[in-house]
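What follows are several structures.
Same chain, two partners: subunit A is paired with subunit B first, then with subunit C.
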Partner chain A sequence: MFSLTINGIEVMAKEGMTVFEAAEKAGIYIPTLCHHEDLSTFGACRVCMVEADGSLVTACRAPVEEGMVVRTDSPEVRQVRLSNVELILANHNQDCQTCDKNNNCKLQEVSAFVGVTPERMQSMRRFVKDEPVDDSNPFFYRDQTKCIMCGICIRACEEINGVGAIDFAFRGYETSVSVLGNKPIYDSRCESCGECVERCPTGALAVKDQSIAEREVKSTCPYCGVGCGVTLGVRGEEVVSVRGTRDHPVNHGELCVKGRYGFEFINHPERLTSPLVKKNGAFEEVSWDEALDLVADKLSGYREQDGADSLAGISSARCTNEENYLFQKLFRMAGTNNVDHCARLCHAPTVAGLATAFGSGAMTNSIADIEEAAAFFIIGSNTTETHPVIGYRVRRARKKGAALIVADPRSIPLAEQADVHLQLLPGTNSALLLAMAKVIVQEKLYDDAFVADRCEEFDEYIEALESVCLDELADITAVPKEKIIQAARIYAENTPSTILYAMGITQHSHGTDNVLALANLAMLTGNMGKRGGGVNPLRGQNNVQGACDMGALPNVFPGYQSVISPENRRKFEEAYGVELSGEPGLTLTEMFKGAGTGDIKALYVMGENPAMSEADTGEVKEILEKTEFLVVQDLFLTETATYADVVLPAASFAEKDGTFVNTERRIQRVRGVINPPGEARSDLEILCDLAGRMGMSGFDFSGPEDVMEEIASLVPNWAGVSYQRLNGDGLCWPCTDEADPGTPILYTERFLREGGRAKFSPIVYGPPQETPDENYPLIFTTGRVLYHFHTGTMTRRSRGLNALHDRERILMNPVDAENLGLNAGDTARVISRRGEVTVEVKPAPQIKEGTVFMTFHFAEACANVLTNTELDPASKIPELKVCAVRVEPA
Partner chain B sequence: MELSPESRILYYTLLSGLLADAVDLSALSSGLSVRRDDPLLQSLVKMTDEWVEREEAETRLRQEYANLFLLPGGVKPYESVYRGSEPMLMQQPWVDVKRFYRRCGWHLDESALPEDHVSVELSFMAHLLSDGEHDESSEFFHQHLNQWIPQLLRDIAENRYADFYQSVTDYGLAFLCAETEICEGKK
Partner chain C sequence: MEERIRTVLASFEGKRNDLIPMLQAVQDELGHLSDTAMKEIASYVGMPESKVYGVATFYSQFYFEPRGEHEIKVCLGTACHVTGGLQIVDAMERELGVKCGGTTCDQKFSLERVNCVGACAIAPVVMVDDDVYGRLEAKTVKEVLEKHAP
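Let's look at the complex of A and B:
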């Protein structure tokens, strides 16, 4: 520690601190314009000048020294500061009264502090640049006449997001903040994350048409599984702004474009406002009593006539934990385990695979310790587009020197920064992972101590590896052997190494094997139970982890307690007061088959859109059409809801209380800030009302907090969870009692399998179920983009997000496009064995020859019309990532 | 066209009711029976007479209402959507309407419809007239109603789901035209 004197006050400061930081710690204000606590120092504005041992220095850059004497308010300091501020003001657009930053502007604050006078302002020769406002971005505008060249926006783009879309351009008086080529920002790499806008000290960057909130409430983002903390700004009955919650452990105030700007759906005029019943093929508005009586009568009737297993429920990865819990409770009390949700289409292999390997099927580490990894192995995850705030962490860690391996069939944005990009053919993941394991074992790069102490069945695993040939595996993947060796060495030799993965691993007919292969690699190299390591599935939806945790699955009660176990059944029977089925129910994909054959009479869909998200949606739509009784509960009339017999209007995340669980198992609060529109209700209220009408008891909850009490009483890993304890940063389960602070990192001491050891699982490479042939010569793969979320129910109702990405295009390699006679903007037919879509073509060099790519965000050209329903045998996930197509000019 | 104050109240109340919820055909037919010769209501009377004879008329009317006013393919009968800077609910026009109501001592009870829903604004006009607040009613007509409801009615008329509601729009547009003359005279 150093002792220095600031304005006569003795201050203790740590080595490495700046004078600015030391003064701030001592409560002494030093004005500044270009300094920001989240960013590196810049020292450009010269407003934080202080006198240190007789010399004038910038406080933000001057390191403290022992015995230093600092004056922050000497006459010379004041004069220098004033002059510098006056120079900035001399060329500043002074429309303060109508500026969006009026009363919230750092320049106003600093000008007042340094004592700018009207006389001095009058005497200056003022010349404001004649530069038009750039309002090309749909969410914010850039006004260079208000820019003070502090560089905060540039540093935010570089240091927070890692994109680096903007920088200083030109020289001298002409200097401005610009993008490459001095184009409108819309035409740049800018991802519209808004981190620059959030930090801009003046009105140079400001959100368009934003009202000032009357009050702010903390909640959790409703989009992806990162689970960022958001602070909702409310004015009257409208959410008018969203900002990242600064002290939140997941995102520290950072957000992506969807989280920050994509909330238009809340007050969208297409929100469902009243229950609807279909009569003679058309919907009509009915009362809640009529709608719910009808649903209750039908469900009860089918149960009585055709058995409880004629009912099936699809719960929601978008709804709260409490709602998912009640959904499975209702269906289980009705006598069936036919409950599932969209995890079946995404991380079902994770739940199956990681549970087999480690004893629990969830992310092993926390989002915070991702940045501590010495190496990243990112496979099947376009992280910067699908989990952007985690992507920021990866980019930051990379800049600090972490190694990066990216395995993806496309040259995704992260691949550009990778040490090695393994551009494998779709569906060859397990071959790649076997090859990497082979290298690690052959070169004795594995952690034999870890393997010996904490794992079992290693010998069987090694024996199985002996039979695989590296050259053959490399041929299968179409990745050069040298790159595979390089990647294996990077992963094994850097400690800790972390694995991040998503749909590119799971959405395959061998998805579970792919997950097991990843678990094998992590065990082999000892990268488990330590900060910066682990096997980290990036869950897609805001509460898909929670929906799984709450037992919205056919084979387990809440807390992954198997329905087969008589002991588990007895516990839940005692709690629910009825006999429960011990037969595992149908998965999502099986439910549709059942509805098609008529075995399933009633299908209840809460907050899901299978008409867009299932494989082979053409067949799914036919099944929905002929399902005897279909209930859909949602915010909007989705593609699935158009087939419903009854549509129930539900509340959004901003209109109800509850909890979500993010990908790192963190249980977090969601808080309602406005009322739902019209007669819409929370899913919790709807389910409790329905259960009552079906004669079920045990649904008399006064609110979600009560429901959580019941959950905590039945789920051992949640036993320490309560709303009171969730008011801060949330809790990472397992949290087994009231004193338990939660578990950010799993397996630090033991694994959750019996015996406490992790298990190696030998796997054998299996090809995709459908490969190219002469009729369907191209590999078709699917994915997502930054600006839209899944089936587009929310994001396609944001004009801004639509402006940034307005329609579907098929991405294909320029060589393939040329061979087919297709140019950019042409329309093509894309045909698979299941159906066809018509879509615009976009040649894209980042796509390998022989492969084409579409998203599943756009109903007008739905990729899942084409995808394959072949299932992974263990987890029953369909092979959404690989099928064969042909492309023809339309 | 000259309209008595009582008639104006009736017409506003009628139009408000027709746009608030699905039409109750038998109640409407009964109500129109005493005004069959009213020139403003001719289209509505004719359509009601036709529909009363139709099979499952009530169901079809409810479906037409749902398609026009509740589902994505229809219209959005809120002043915010028509006059706000963005076609969204709860924009500045909604705030302005609420302010106007408050100024006149009017408060909306617990209702599923927001203050700037077409039927609520029309009902407010009826109340102003029945309270003898002619200046306020004229002001509200010019500042709010006449700024967007004619366009809403035209959008309903052109919507592919509009059948019975064609007559509602005919009536509404004719009435608002008459109101424009009356309120112009009061400017």
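Let's look at the complex of A and C:
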């Protein structure tokens, strides 16, 4: 600690602090323009000048010294600040009245403080650069005439998100902030995250058409599983702005383009506002009484006639925990375990695989400690596009020197920055992982002590590994052996090393084996239970973790308590007051089969769009058409809803209270800020009302908080959770009692399996179910892009997001495109054994020869028309990531 | 084109210190720095492409458009300035139909202004490729051009 005086006041400051920081701490204002607390120091504007021990220094740069005497208000200081600000103003567009940042502009604030007068400004006014406003980005514009060259945007784009889309270009009077080639920003690498816009001190970067909010409320982003804290700005019944919540442990105010700008869906005119019932083939608006009585009658009727197992419910990873909890409660109380949700299509193998290896099927570490990894092994996850804010952390860690291994069939953006990119053939993950394990064992790079102290069945594992051959495995993956060896060494020799993975691992007919293979690697290298390590499945949807936790799964009650166990059953029977089924129910994929054969009479779909997300949607649509009674509860009339008999309008995340669980197991509050449109009601209200009409008791909750109490009483890992405690940062489960602060990192001392040890599982490589042949010579694989989410129900209703990515295009290697006689922009037919789609072609060198890639965001060219329904035997996930197709010019 | 760029880059280790020599080498090969070229360089040295552009635009030696067959440099050093260099610039711009820094549509000439080419004695001076023309007047500009594009 140093002691110094600022304007005669004694101030204590830590070594390494700047004079600016010390002054700020003491509550003394020093004007700044190019300084930003989130960013490195630039020291260019020189308006922060102060006098320190008699000489003028820039306060944002100068470190404190013992006994330093600082004056922030001497005549010299005032004079030099004034001149510096006047110089900046002289080159600045002076149309403050029409500027969007008027009254919210740092330059105005600083000018007023240093005492700039209009008269002086008039006399100094110089010619201002005549540069047109760049309005190419749908969400913000850039007006270089208002730019003061503070460089904050440039540093934000580099240091916060690691994109580096903009920099100073040209020199002297011509200097400006520019993208490569001085083009409109739309044509650059810019990811539209708005981190620069948020920090620009002037109107040079400003959000388009933003109304000023009348109040702001903290909530959680409704898109991906990162679960960023958002602060919603509200005006009347409209959400008009979203900011990142600065004191939030997940994102510290950072957001991606979807979270920051993709909120148009909330107040969208196409929102459902009234219950609909299909009469003579057309939807008719009806009252809630009519709709819910019909649903209650039908469900009760089938239950009596055909048995409870003729009902099936698809719950929602988009809805809150409380709603998922009630959904499963309703179906289980009706007497069936036929409840599932879209986790079946994403991380079912994770839940199965990680539970086998470690005892619990979730991300082992927290988002905050990812950045501490010394090496990243990212496999089957296009992190920067699908989990952008986690992607920022990866890029930041990389910049600080962390090693990076990327395994992906595509050259995804992170592959560009990787030490090694393992461009494996789709569907050969387990071969690659086996090969890496083989190298680690052969070269004795594994952690003996960890294996001996904390794991079991190592010998069996080693034995199985002996029979595999590195060269053969490398051949299978089409990755050069040397690269695999290099990757294995990087992963094993750095500590801690972390594994991040997603759908590229799970959506395979061997998905569970892939997950087990990853777990084996982490155990071998002792990367479990420590900061910066772990096996980290990145969950796709905002609350897919929570939907699993809440038992929206056919084999477990809330909290992963197996329905087979008589003990668990007794516990829930006591709580619910009815007899419950001990027979595991049908999985999502099996429900559709059942509906196809007529065994399932009534299907209830809450907040999910299987007509686009399931494999082989052609068949799914036929089944939906045939299903005797289909209820769909959603925000919009989705592709699935068009097949429904009854459509129930639901509230969006901005219109209800509740909680989501993000990918790191953090239970967080969601807060209603406006009323639902028209007659729409929250899923919670709808479910409770329906249960009542079906004659069930135990649904008279006063609100979500009340439901959470019931959850906490039944789920041991959530026993310490209450709304009161969730108000701050939320809580990472397990949280077993009121004093438990939660568990950001799992397994620091013991694993959750019986006996407390992690278990090695020998695995063997199995090829994908469908491999290319003469008729279907190309491998088809699917994924997502930054600008859209899932089946596009929400993001495609944002004009801005659509402008940034407006249509589906199949990506293929330029060589394949040429062989097929296809050019950029041509239309092609893509044909698999299950169906065909017509789509525009985009040759892309990022795609490996012999493979083609599409997203599943676009209903007009729906990738899942093509995909394979073959299942992973352990987790019943379809092989969405790989199938064989033929491409022809259309 | 990517291939040609990569071949040039292959003789560098990809260190950031080599950025300027790399930009020069690529410009020697292609005649100018295209966006593609700067992207390749950026990924080769592992820095954002906007930074590479920032560095390149800082130096007047780099061109971002294809250059013409002949390089015209009109001198505007002190001596040439006082002897009417600006009129020569005007005349050139009029004759060629491009501004300084530009290239004619037929790709024949690129026009540039420079500082003192070291021939002050015969100011005002124009250089076309390696040929020096002195004591020019606005009306003789045309003759100079015709020598190079008959």
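Just so we're on the same page, the second predicted complex is superposed on the first by the 889 of 890 C-alpha atoms of A that agree within 3 Å, B and C clash if a C-alpha of one lies under 4 Å from a C-alpha of the other, contacts with A are read in each partner's own complex, and residues count from 1 in each chain.
Heads up, the rule we're going with is that a residue touches a chain if its C-beta (ideal position, glycine included) is under 8 Å from a C-beta of that chain, and two chains touch if they have at least 3 such contacts.
Worth saying up front: this structure is predicted, and the values here are computed from it rather than measured.
Look at A:Thr273: by the touch rule set out above, it reaches subunit B but stays clear of subunit C.
Contacts of A:Glu416 after superposition on the shared chain: subunit C is touched, whereas subunit B is not. In the superposition on chain A, A:Leu180 makes contact with subunit C only, not with subunit B. After overlaying the two complexes on the shared chain, residue contacts for A:Asp306 are found with neither subunit B nor subunit C. In the superposition on chain A, the chain among subunit B and subunit C reaching more residues of subunit A is B. Within the superposed three-chain model, A:Glu158 lies in touch with subunit C and out of touch with subunit B [touch as defined at top]. In the superposed pair of complexes, A:Phe170 makes contact with subunit C only, with no contact to subunit B. Within the superposed three-chain model, A:Glu285 lies in touch with subunit B and out of touch with subunit C [touch as defined at top]. By the touch criterion stated above, A:Glu264 is placed in contact with subunit B alone, subunit C being left untouched. Of the residues of subunit A, not a single one touches subunit B in one of the two structures and subunit C in the other.
Against subunit C, the residues of subunit A that register as touching in their complex are 158, 163-171, 178-182, 188-189, 416-417. By the touch criterion given at the top, residues 35, 38-39, 42-43, 46-54, 57-58, 64 of subunit C touch subunit A in their complex. Those residues of subunit A that touch subunit B in the shared complex are 209, 236-238, 264, 267-270, 272-274, 276, 279-280, 282-285, 636-637, 677-679, 799. Of all residues in subunit B, only 21-22, 56, 59, 62-63, 65-67, 70-72, 76, 78, 81, 85-90, 95, 112-114 touch subunit A in the complex they form.
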